[in-house]
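Below is one structure, written out as structure tokens; comments come after it.
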Amino acid sequence: MLKVAVIGTGFIGSVHAKNIAIHPGAQLISVCDASPEFAKRAAKATGAEAVTDAGQIFENKEVDAVLIATPTNTHVDYLKRASKAGKAIYCEKPIGLDYHEAEQAVEAVRIAGVPVMLGFNRRFDASHAAVKRAIEQGEVGKIEIVQLTSRGPQPPPIDYVKVSGGQMRDQTIHFFDLLRWLTNDEPIELYATGAALVSAAIGDAGDVDTSIVSLRMASGALCQIDSSRRAAYGYDERIEVFGSEGLAESRRQNFRGMALYKGRSIVEDGLHPGWFERIEQSYYAAFDAFVQSVNQGTIPRPSLEDGLKAQLIADAATESLKTGQPMKIV
Amino acid sequence: MLKVAVIGTGFIGSVHAKNIAIHPGAQLISVCDASPEFAKRAAKATGAEAVTDAGQIFENKEVDAVLIATPTNTHVDYLKRASKAGKAIYCEKPIGLDYHEAEQAVEAVRIAGVPVMLGFNRRFDASHAAVKRAIEQGEVGKIEIVQLTSRGPQPPPIDYVKVSGGQMRDQTIHFFDLLRWLTNDEPIELYATGAALVSAAIGDAGDVDTSIVSLRMASGALCQIDSSRRAAYGYDERIEVFGSEGLAESRRQNFRGMALYKGRSIVEDGLHPGWFERIEQSYYAAFDAFVQSVNQGTIPRPSLEDGLKAQLIADAATESLKTGQPMKIV
Amino acid sequence: MLKVAVIGTGFIGSVHAKNIAIHPGAQLISVCDASPEFAKRAAKATGAEAVTDAGQIFENKEVDAVLIATPTNTHVDYLKRASKAGKAIYCEKPIGLDYHEAEQAVEAVRIAGVPVMLGFNRRFDASHAAVKRAIEQGEVGKIEIVQLTSRGPQPPPIDYVKVSGGQMRDQTIHFFDLLRWLTNDEPIELYATGAALVSAAIGDAGDVDTSIVSLRMASGALCQIDSSRRAAYGYDERIEVFGSEGLAESRRQNFRGMALYKGRSIVEDGLHPGWFERIEQSYYAAFDAFVQSVNQGTIPRPSLEDGLKAQLIADAATESLKTGQPMKIV
Amino acid sequence: MLKVAVIGTGFIGSVHAKNIAIHPGAQLISVCDASPEFAKRAAKATGAEAVTDAGQIFENKEVDAVLIATPTNTHVDYLKRASKAGKAIYCEKPIGLDYHEAEQAVEAVRIAGVPVMLGFNRRFDASHAAVKRAIEQGEVGKIEIVQLTSRGPQPPPIDYVKVSGGQMRDQTIHFFDLLRWLTNDEPIELYATGAALVSAAIGDAGDVDTSIVSLRMASGALCQIDSSRRAAYGYDERIEVFGSEGLAESRRQNFRGMALYKGRSIVEDGLHPGWFERIEQSYYAAFDAFVQSVNQGTIPRPSLEDGLKAQLIADAATESLKTGQPMKIV
């Protein structure tokens, strides 16, 4: 039984806390939030103890593992302290706001030798994972074209956008990680173009809300990613991996299974209303993988290194957006 | 090159005439209709000779085969005369209005020994045929439940309904044939119930426009057929064959491939507007099978005997509708 | 906050206990099972108190509502005792093994005046409920044909089959309830035919494992239900409601959204592996409706009377299977 | 009745000849090919007169319109001669091998004032046209992202590739035209990258067989086009237009409607085996639009100018492939 504490009980931390509470191989010991109200609410929903100082968790010998779900600017500090305390760590993405800072966290973790998993949970979506399996089984052959789509449903608050690092680092980064994972390959060059077509405020903040990125992989494979902060039809996420032997797809999914046939049309239920409904299941699956990995002593994936590499790609894409020029990824 | 004449150039006779004209293994010699205007129009569209007396065709030594597409009450007479003249015959369904009369035609053809194919063209629909192939390859295993659907789009004119022999003999008969063909089995008992839910005039004529038929097969398999003369969303034809190893389906098909994602819905193009658009392709495929069969000296299927058996089932279903009782099929 | 106790913590009782534990408007007080081990396991998973005597629950003033998930032969007794104790009741279907006994329970509940909901949870499946809404909004028009399908995935243990009352009362009864609910209409006559095509042991026990039922409704609408205890491709549940204005469908649903395009085929993820995966969500939604109903003082539906009516139809269908004759439902 | 002659009776010229022969508003007068054998074969299939010298057609006063389906290097000469002879012209794409030469043809046609339509037949695909209509009706809102896919099924013969002008000018050009037509907008900048992943011979010839192109439109909308010369699953063509109000899609289409449910999978019929099966219907629809346009005296679209603009984009994309740099389109 893995004894776990959650640090940060905002929206996604609370999701994690509930998943840990119902996981048969884990026990939720404490939930920690700087806000006593947030901590208490999460404690009440899960039966765990509420604390407001993360230090109590790091000092608690009973705690085997911590799940970090605090704001990004605190991740590196908590990674360092938790690893020094010898805890196994599940850390929400991204590692940090700054590549240099992120490297320091990676180094600290390496020295401490604790297992760390980075929360690129989309790898654990059942449909995406089935695509990955098909690729590994050779069903697709040699990969030639990858298409990734991430749209909507609504732009985040402008205050969030301003500190997010931009669309590449905040939204598209998930798909840079998926690309690396699906292909078992690295992008070597990219070209990005975009615009603020949805929200003038996003444009004024120097960011884009609609973008396309072309990438060339070391193997020669090509990739297209399109990202939009708004979709008028719910949350739209889609994967296509096209190769010499066939095409594997993680499809658009209807939220429910109702269809109405009338006149010259068939009206089906639409997509999931939001990103969370679409990928909710993957949070549990990701945590489950973490538990298994810690129990079996294997290295958890996605790792901090995976996080660093995705950050590098996002930086290059941000630079390409700015300069209008293709960028090497090094 | 098979030299063919078409007798009857109404809607479906004209379809056949055009198919024969473009078939690389056939040559359309004559088109015959009691109406000189109809005959001429068909002749103009195909480049064939127009005649108004079928006798000219039976006497024409150049003609190898005739395609009979005249009203049902003339089929038996033409079948007798064409077989006596030694012509290969493709005859539109049904054989005749009357089972006794139909048996006489079958007998005449047997004596003459000419190849005859009955126009149950749905057997040649590409999707239905793929279901049949899957069954023959064992993909479905032992058949347990068959579901057949035939709906719409609009009731035929009431004058047509009155002489049609009723919904079982006119519409559902195609599916009695499909059932025998798909299962390679015979129904031994059935129960039918129905009503005139769409058109009071059809009810006044003693017929139904909406019906369901339950059938038990010699093998023990069960079958459900639902038929409606009206569908508010185009023509709806569907096959399901469920067995010990799996399910084979000939799906509802979208007429085109457009989809619109908006709000909480996905609006797709609907079904084919009418039965002809849905199964148009099967007419050519059926005629092509006839040509190949005549050329290779094999027995064309569906045969006249297939037609007789379907008629027997339709008669039992009509009787069940009337009596409200299950009927043995003998 | 509704304080709830669960009586019976086998598979489905445990599902309910977990749903109650995470419901924000409910609090799980006790879990009760004759087996101390079962009771303890459920208590541990939910944080509730474990008891082995249901009497303790009925006497506990703190408990507002009980959820009965024990074997069918105990339902009537618990319904009587719980209603006498003034508890609101959520009772798993069916009411009892015997129609007469069931009527007694209905009477006892009526006298006590407590709110009771019967666990026909399929009414709360999101897709089925969307079909119901479409009908109520007039999208389908006047209902003409209903098709219901329930197949697989595996026959229950033969010991269960022997005490289940037969396929009609155990499996198809859910669809008799759905039919009444979807159409807001009552069946007046039916014809059922079936066979033991899957399991000889089921046939030896005097039951069928594959069946079709034709029903005629008071409004004139027709209905077909096909049921199978085995499907080689997972659990297959499907609803079609066809009317004068269109067709509403609760579709077959893929378990995941992966597709593989290779050669002449597209291989998609199949259906849900079992019935539970397919309708799991409806258990929570049903309990949620119960909580709302109790809080708002409205009459919970499906009611015990709904349960009685479904039982009546199942009895008639069982009789029709036996006699081979159509049966009036009175 | 429009009297038409076809010049060039290779594969696509023969398709056109048959469509003209069955069009009720057109009459096929002559078919012309430098090869007497080709001309005769087409004449036999359609009942038209065979000629081997296009001059005879230009001099034939009976001929109202010519359809040019000869090799690309002859188009400009025939366009000039046919327009001088006052014929209406339907010309297969592209206008010519060379932009300068193409401009001369456009100029000659402008002076002659004859109606000319360029054979970008994909605009007449029923599903693509439905997407266009949805856009015009405002269903998509302001266009933000366009995705176009064209893959397979097999690379053309290397000799064809060598004279084709490259993938951009030969394959992707259709999609440059679709992009302009769908958006009613012009691309102003593009970036293309590609490789010979399928065929080393294509690489040796200095061409690519797999490519992605990013385009920015004057309105700010973004577009991605991926093209492959090979798909292991038939011919794959797909359109997505994403805008502020919704998404319109011309979907992948199954060739037939068969599905097989087995174990954990659903196996559906795959895509069309080749590009011709997928877009065959559009050739007739395009010719029909030409006939209507000539009869009504409206300007046929796509026009020669549309052809010139697509050629300009293809040239820029070819240059971007070569230089690895984004290119302005001017």
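A, B, C and D are the chain letters, set down in written order, and residue numbers restart from 1 in every chain.
One rule holds for everything that comes next: a contact is a pair of C-beta atoms (placed from the backbone, for glycine too) under 8 Å apart; a residue touches a chain by one contact, two chains touch by 3 or more.
This one's a predicted model, so the numbers in the text were calculated from it and none came from an experiment.
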With contacts counted as defined, which of the two, A-B or B-C, has more C-beta pairs across the interface?
B-C
Measuring between Cα centroids, what's the chain most distant from chain B?
A
Counting only Cα atoms for the centres, state how far chain B is from chain C in Å.
42
Would you kindly tell me how far, in whole Å, the mean C-alpha position of chain B lies from that of chain A?
57
Among the residues of chain A, which ones contact at least 2 other chains?
232-233, 236, 245-247, 261-263, 269
Would you tell me which residues of chain A are touching chain D in their complex?
141-142, 144-145, 147, 149, 151, 189, 191, 193-195, 197-198, 210-212, 214, 216, 220-224, 226, 228, 230-233, 236, 242-247, 324-326
List the residues on chain C that touch chain D in their complex, please.
232-234, 236, 254-255, 261-271, 273
Quick check: in the complex, which residue numbers of chain C touch chain A?
18, 22, 47, 126-127, 130-131, 134, 139, 245-253, 256-263, 269
